[in-house]
Amino acid sequence: MGSLFRIDRSKTALLIIDMQNDFLRIGASLEVPAGREIIPNIKRLRDVCREFEIPIIYTVFVTSPDTKGLMWLFHPEHAPPTKACWEESEGAEIYHELYPQANERVIRKHCYDAFYDTDLDTVLRSVGVEYLIITGVMTNLCVDSTVRGAFHRQYKVTVVSDGVACPWPDIHAAELKTFGLGFARVLKTEEVICELKCENEVKKA
Amino acid sequence: MGSLFRIDRSKTALLIIDMQNDFLRIGASLEVPAGREIIPNIKRLRDVCREFEIPIIYTVFVTSPDTKGLMWLFHPEHAPPTKACWEESEGAEIYHELYPQANERVIRKHCYDAFYDTDLDTVLRSVGVEYLIITGVMTNLCVDSTVRGAFHRQYKVTVVSDGVACPWPDIHAAELKTFGLGFARVLKTEEVICELKCENEVKKA
Amino acid sequence: MGSLFRIDRSKTALLIIDMQNDFLRIGASLEVPAGREIIPNIKRLRDVCREFEIPIIYTVFVTSPDTKGLMWLFHPEHAPPTKACWEESEGAEIYHELYPQANERVIRKHCYDAFYDTDLDTVLRSVGVEYLIITGVMTNLCVDSTVRGAFHRQYKVTVVSDGVACPWPDIHAAELKTFGLGFARVLKTEEVICELKCENEVKKA
Amino acid sequence: MGSLFRIDRSKTALLIIDMQNDFLRIGASLEVPAGREIIPNIKRLRDVCREFEIPIIYTVFVTSPDTKGLMWLFHPEHAPPTKACWEESEGAEIYHELYPQANERVIRKHCYDAFYDTDLDTVLRSVGVEYLIITGVMTNLCVDSTVRGAFHRQYKVTVVSDGVACPWPDIHAAELKTFGLGFARVLKTEEVICELKCENEVKKA
């Protein structure tokens, strides 16, 4: 699976999907405990990307009566009184351990796919990105939809198997298989970092 | 899961995804044996839909050098010499048991999602459809992508659990769970038919 | 032209396009003097819409190196050193006379069409809008592109002939003809207000 | 206007928009007499493109009850009994003088913009196109909408001023100005041919 293509670091971005308080905090209304376990891996990837000046883009899911679409039908926690990921609420903010730097862009979305009716594609094309490294939550919801959105728009995607999470181990495992079957390379954090650094070695040599 | 909404028959369409020779014939290059097992269920649904004048829309995946995008990278069977689902080939045609009537529309697509860069949305809106019943192959590839495409465009989707198929039982089971968690009602053929017919009884009463 | 349809006030939104400092202030880098002349008409429409609780949606064009696309090629004033409508700059803010209320939504866009890669469609569908009243600048650039974007997405559009503006009288006149030929009803402020109020009378009667 | 960029011939396609019988034949229901006058120029461009193996892509507007959207509201000639550009009718076919070769692709669309809900973008990306030469009818309807669709998707467009047409001279002239102001280079047939051939000379030298 890893041999389909290799990343060209100068045309790559790291995508960190929906690592928000209402998914990550202990006791949060939509808590995904497995989401906290991937934070160290995402941080390591992020550090390497910052070192190599690879753009880091965050997405957040935010909802409101004006933008609810069909989401509340399936996720009543987003509706009042719970108001998970409510627009401009603290719960919708990015978790403190992964809070973005001022120069890093945050894409706000109202559904699963970070490409759907957002400026993500415009941003990636404006800065010349063709390869995406994808991390975040949840594997089968926003991550999967965004992986598919990226594939349809011709991005070469690498999903980080230990950098994505959801609460259901069987679904998580099945998703990783599906990504590899039709949409993306599936690599571990360590392998992605190695590939990013190896390119450096090759270029130095 | 079944209680999120009920179908309004006058605003419903049946979608039959990619039931093509190159996926269904014995010995076909991309044969999905489980795909043949769902044919009787799709036929029963189709008969009921024809009876109630519910529009039936078929999709086909067709490929060519002009439209290959990234598909050949993941599915080299589509490239020469195999040329699975090649544009205008017999392999790309709909399997004889489900061949459409002259008045039933076929949507041609070049990737997984039947909404992506096709006129499916225009067709559905032109005929006033808000509810979709989705069947076909493969559960985790074209079916899943189309279910997500429909959800993002605000269609209320019912996936027919014994009317969709793929070769991997664990993935198939995980997909049905994911559909129910975030995108669609998941009902059996029998339940969908009952709902379509019940409406009739209610209206008669 | 006015007889193609009538507005259903309960399914209508008022769109105010790009009435920003860098287009409207005297001496602004992209000053459109004619844009100041339409402000009283837009304010009158806005007052009536607020009275009838018709949603009012504003768009702003904002640019940055991350989102420039091809815009800077045609409009070098957006690039440094001028930085017209630069993201988070004062010049990109909505002109003081039309500054939105806290409950009124602002759509940020990076190109001409307010539907392209923004959440405008999601917002309109979430609140049940099918009719749009369109005002703002410039008639042939962002207004025209947004009118076309709305038409393709099946919105019934009314362009306010004395509520849109651009610096070129011949182009402005030709645009109004084109809107009427293929995309929208073209009515004066007074006529739109009358139609909105008449509905009230009819319903009272 | 001509100096914004130069065409890279290896990444260019020629687009011929809606040169169909129902727009071009004498006495056709939607006859555009000016459309016949541009045929010689389009043929010259087409010959040069064939010589240099530049892809030639045709679009056709086709309509039917399933795909009518809002088009019939503005153009009742498309509805019965006239049925202009009706799906699979002779009137919807490409005019005989410009009939495509077997290896040239035809994009079917149901509205003005040839990118909207069609596979045009997928085709162009699959064959590596970044520059478009645009010709056809009508300047302010399908041509303009497609020019804008191309610009938003980051294609570098050249509109052929004497290769596009509509029945209204003032609108035609205003459109050419608008293209130049914000969306495209505007060049004459002769200038485009010269640029295509010059590149040859430069490369030979």
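Just so it is clear, A, B, C and D label the chains in written order, and each chain counts residues from 1 on its own.
One rule holds for everything that comes next: a residue touches a chain if its C-beta (ideal position, glycine included) is under 8 Å from a C-beta of that chain, and two chains touch if they have at least 3 such contacts.
All values derive from a computational prediction rather than experimental measurement.
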* To do: Would you identify the chain whose Cα-based centre sits farthest away from the centre of chain D?
  => A
* Asked: Residue numbers at the chain A-chain B interface: does the shared fraction exceed half, giving same, or fall under half, giving different?
  -> same
* To do: Could you say what rotation angle superposes chain A on its sequence twin chain D, using C-alpha positions and rounding to the nearest 5°?
  => 180
* Take the average of all CA coordinates in chain B, do the same for chain C, and state the distance between these two points in whole angstrom. => 39
* To do: Just give me the whole-number Å value for how far the CA centre of chain C lies from that of chain D.
  => 28
* Structure fact -> Contacts with two or more other chains occur in chain B at residues 69, 111, 117, 125, 154
* Going by the contact rule at the top, pick out the chain A residues touching chain B in the complex. => 4-5, 69-70, 73-75, 111-113, 116, 140-141, 144-145, 148, 151-152, 154, 156, 168, 170-171, 173-175, 177-178, 181-183
* **Residue ranges of chain B touching chain D (in the complex, touch as defined)** => 65-69, 105, 108-111, 117-123, 125-127
